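In this document, chain identifiers A, B, C and D correspond to the written order of the chains, with residue numbering beginning at 1 in each.
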Amino acid sequence: MTNYQNIIKQIHGHLSLQKNYGEVAEYIPELAQVNAEKFGVYLAMVDGQSYCVGDWQDSFSMQSIVKVLLLSLAYTKLGGRLWQRVGVEPSGTPFNLLGILENDNGIPRNPFSNAGAIVVCDVLMDLYEDPRQALLQLVRELSGDNFIQFNKQVAESEKTEGYRNVALINLMKSLGNIYNDVDEVLDLYFDCCSIAINCEQLAKTFLFLANHGQTIDGHTRLLNPSQAKRINAIMLTCGFYDEAGDFAYKVGLPGKSGVGGGIVAVLPEKYSIAVWSPRLNDKGNSYRGLKFLEQFTTDTQLSIF
Amino acid sequence: MTNYQNIIKQIHGHLSLQKNYGEVAEYIPELAQVNAEKFGVYLAMVDGQSYCVGDWQDSFSMQSIVKVLLLSLAYTKLGGRLWQRVGVEPSGTPFNLLGILENDNGIPRNPFSNAGAIVVCDVLMDLYEDPRQALLQLVRELSGDNFIQFNKQVAESEKTEGYRNVALINLMKSLGNIYNDVDEVLDLYFDCCSIAINCEQLAKTFLFLANHGQTIDGHTRLLNPSQAKRINAIMLTCGFYDEAGDFAYKVGLPGKSGVGGGIVAVLPEKYSIAVWSPRLNDKGNSYRGLKFLEQFTTDTQLSIF
Amino acid sequence: MTNYQNIIKQIHGHLSLQKNYGEVAEYIPELAQVNAEKFGVYLAMVDGQSYCVGDWQDSFSMQSIVKVLLLSLAYTKLGGRLWQRVGVEPSGTPFNLLGILENDNGIPRNPFSNAGAIVVCDVLMDLYEDPRQALLQLVRELSGDNFIQFNKQVAESEKTEGYRNVALINLMKSLGNIYNDVDEVLDLYFDCCSIAINCEQLAKTFLFLANHGQTIDGHTRLLNPSQAKRINAIMLTCGFYDEAGDFAYKVGLPGKSGVGGGIVAVLPEKYSIAVWSPRLNDKGNSYRGLKFLEQFTTDTQLSIF
Amino acid sequence: MTNYQNIIKQIHGHLSLQKNYGEVAEYIPELAQVNAEKFGVYLAMVDGQSYCVGDWQDSFSMQSIVKVLLLSLAYTKLGGRLWQRVGVEPSGTPFNLLGILENDNGIPRNPFSNAGAIVVCDVLMDLYEDPRQALLQLVRELSGDNFIQFNKQVAESEKTEGYRNVALINLMKSLGNIYNDVDEVLDLYFDCCSIAINCEQLAKTFLFLANHGQTIDGHTRLLNPSQAKRINAIMLTCGFYDEAGDFAYKVGLPGKSGVGGGIVAVLPEKYSIAVWSPRLNDKGNSYRGLKFLEQFTTDTQLSIF
């Protein structure tokens, strides 16, 4: 029987001894101030077991990882009609380019680009009376922690510096793919990205995607099995900006990263795993997080391929 | 126990009764002359079982499907150094655009674009004394059929009409990413695409990718498990031109299509499946082939996600 | 001796009888309400003569034509250093595309694109204590009319609908090429575009560009001869969005158009001419304005080529 | 009265003393072998006067300058129908990019890009029984020198190395904008570019464009005045690759450069001037040639603006 605790402990220890590369995200003070050497892992199995190592209890900023939850909230209510507003194809380009939107009439290539997630927020404003509350309630329920909150300071800082996102949403508005007030949609987007979460909470939150769309206690079904499959497929093809292909072939798991240094990945029917290490490679993904997951799927021989 | 024969027979029957959409590839006479209503399926299990229905014994033109085998031949010899010549990221754009090459200094985004496969052919010319023979030998061995051959007429027709591929290779030559004579490389590429194969042969040929890189009789190991995983990852993210994301989320299997109307897909540790139906949707993928596989993974509940 | 009055009267009469094509700009109510069949011409000679026909006394919205004056105000103070912030090359693309900015690190191709004019406004905010007043004073002095004013309603409407310009300026801000507050810069830009002017005032305002940079009474020198030459060169190559080449070869004069239906053009050492007709062709230039000027340079045999 | 001989002698002398920048074109041996410090000027006036200085009698390779003559040959026979095959807008991009062609369905932006000149060659093959002879005859007649010839070695070298041009023509063929055999069209194009010419011959050849389309002796009319005006307009907006805007505002003359180091420019109704100096700036235009012309139009106060 695979000794998961040994494996994650060994990889964590090995990587901790090696040189750590990359820079912490510095465009807002709240992200820049984090301790760059933090390194936590939490592995939550579908069978209820769990394993952890390092700084798994420290909270960090969810950032782009929240895009998966936003997508799930929109998809569960709107179904396939959602794809009229945002595509499902990998873009092959960095996460925030505008040129591509113009050629596609304001339809973002996929829901995990900034443009795509902003459109999803616009959709949520029409679907939910209080989309912030809907998101928070979802994360709290899935993670089992009622104290998870938005980080208002992070959100405020992002609003001050988010010129490119302002550009994105205004371009899409001019092309007819934003229905609500641009400032309100952006506010929602930045608030959602600011959620503070730790590895345990994150791994538990994503476990439903390894379990055909429902919580492992069977109490809550967020997505049907077909929908869960689709979200996983989009994570695999689009979850890592323009490093998605590289992640797919090195790690071989559907997953999503954020500039807070977090990565979460799932192996359907098996587990959800969250890794956190703030230094980012030049593609914007956690350097140690990627290294960890690559070694983890190699050592466990468990990947989707 | 799953009754695969029943499932594929039922889906085949159901789709045969429904309207068939799309156009047969018509840019060369040999492809245009095919009977548009042909429809065959062959399912080869890793445990040695197999199931088939419809026109599974009729040969068709392999076309882009051969790119996976070319990649395997190059990867097994060159390993990771191959990625200096061709990327592994999905392009998000149609399969034969040139603009993207210019921005990337002649490095194609992935080995399943035309540009990427042409670079792989260029690599093979330096790796193998007789790359045509190496490919043919591989297909014959994997499929267990020694009569598989290139279709010279198809290859000749492609050479006459392949202006865009001539453009691609000359652009890459001017950017320094083609080492051999452009005409010889293109000849090799067109010859390889012309291989005539039927569903049984195709499914059997790709079974090694569902079996960690080796044949199910254990006689031949083409790739190590890690390499097989990577090829599967590239198939998933890049195997269907700009419909890769759609295929990933509808079918959920690594696979590859060709304009001859064939599609092959694998479920690691389980099976390889080949479907053939010549009518193509507007993305250049077999209309019925996609419909079949979508229903097949839904009915069997077997996909990687 | 050329009888200019006869020529302009004849062309005006001829075109008035022909079908008028195109649509009036409709993105804001103030522009949409204009009488689409208005048609005025004013020709101001360097020797002091002038000729006019039709609705030359009716005011219309200056819109993009003001970009030439903004450029002159910045260029006279900053000289060649201005070209570090904005290029002088034609873009070959429509006037408001964003993709091109990303490739060029936020440096607009030329000062007559929206992006370029917005950068010029940003520059003016650092050069002039009250740039609005500086512009108004310039127009009033050159035209000899002290009642010329901004149209606040037009400016307000543009601010409400100008999503694409908001996108442009935020993209440039994120790329480091906007120094001031984005909202203040945009306000300035929209205010400047809103100036209401008639054909006589417009022709007189631009006469300094036909006179080596100084007013024909010799009282005021805005630019030195070399600078005036450069502004004219930029008007010729970039003055008509992606119809610049067409205008250059059909009309053969440096000029600038606006979506208010105005066009102004100059023949160095000879004249400045303003035409106004609100219906725009699909490139956003006045349909009758272009027709008039093409016939005018053909009949007078006077063009720069 | 302007002393042209003094002016050109003085500028030539001044620049000869200053450091010479840039590299000689080196992609084919014949161009690389030229003496990089050669520097000649020839000024031919419409009134029959002429002035010269430096290496004006040395022959050099015409290269892209010939595109103007090819265009004239096509335009005189086909008139405005030519613009269905090639545009008249500046591209704002380097001279040999392919991406732009794809967006425009194989219609090059203007006849002075490589793609545009190749389309013009394709047109000439349908218009003239022997287009090579037609071109040679034209150059010989205009220059008054019957010994002007193609340089077969230059043409052969270009054919061997011209991968990018092969890419361009094949892309256009695939998009339907090349009617003849691609190899024959390219042969014609390379032959035409190879013409060896000196400053005197070049200045005299282009004098018709300063004289409303006819030779100054009145014997031959190649273009009507309107057509000559249009060619000049295209030279101004598109004659210097992506440095066209810069040339327009610094020099203020319609002109055309070639990688052989030649530049020719015209001032309508006044003169044609040819400058030759092989070192090219990073835009591919003669470094000293540009410097010379900028100073020349400043000193003579003669430009179109």
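We take it that a contact is a pair of C-beta atoms (placed from the backbone, for glycine too) under 8 Å apart; a residue touches a chain by one contact, two chains touch by 3 or more.
These numbers come from a predicted model, not from an experiment.
Trainee: Can you name the chains that touch subunit A as well as subunit D?
Mentor: The common neighbours are B, C.
Trainee: Smallest number of touch links from subunit B to reach subunit D?
Mentor: Contact-graph shortest path, subunit B to subunit D, evaluates to 1.
Trainee: Counting only C-alpha atoms to place each centre, which chain is farthest from subunit A?
Mentor: Result for the farthest chain: D.
Trainee: Go ahead and note the Å separation of the Cα centroids belonging to subunit A and subunit B.
Mentor: Result: the chain centres lie 32 Å from each other.
Trainee: How big is the gap, in whole Å, between where the Cα atoms of subunit B centre and where those of subunit C centre?
Mentor: 56
Trainee: Just give me the whole-number Å value for how far the CA centre of subunit A lies from that of subunit C.
Mentor: Averaging C-alpha atoms per chain gives centres 48 Å apart.
Trainee: Could you list which residues of subunit A touch at least two other chains?
Mentor: In subunit A, residues 100 touch at least two other chains, as defined above.
Trainee: Throw together a list of every chain pair that touches.
Mentor: In this structure, the chains touch in these pairs: A-B, A-C, B-D, C-D.
Trainee: Using the touch definition from the top, list the residues of subunit B that touch subunit A in their complex.
Mentor: It comes out as residues 87-93, 100, 109-110, 225-226, 228-230, 232-234, 236-238, 242-246, 248-250, 252, 254, 268, 298, 301, 303-305.
Trainee: Once bound in the complex, which stretches of subunit B touch subunit D?
Mentor: For subunit B paired with subunit D, touching residues are 97-100, 102-103, 163-164, 166-171, 173-174, 182.
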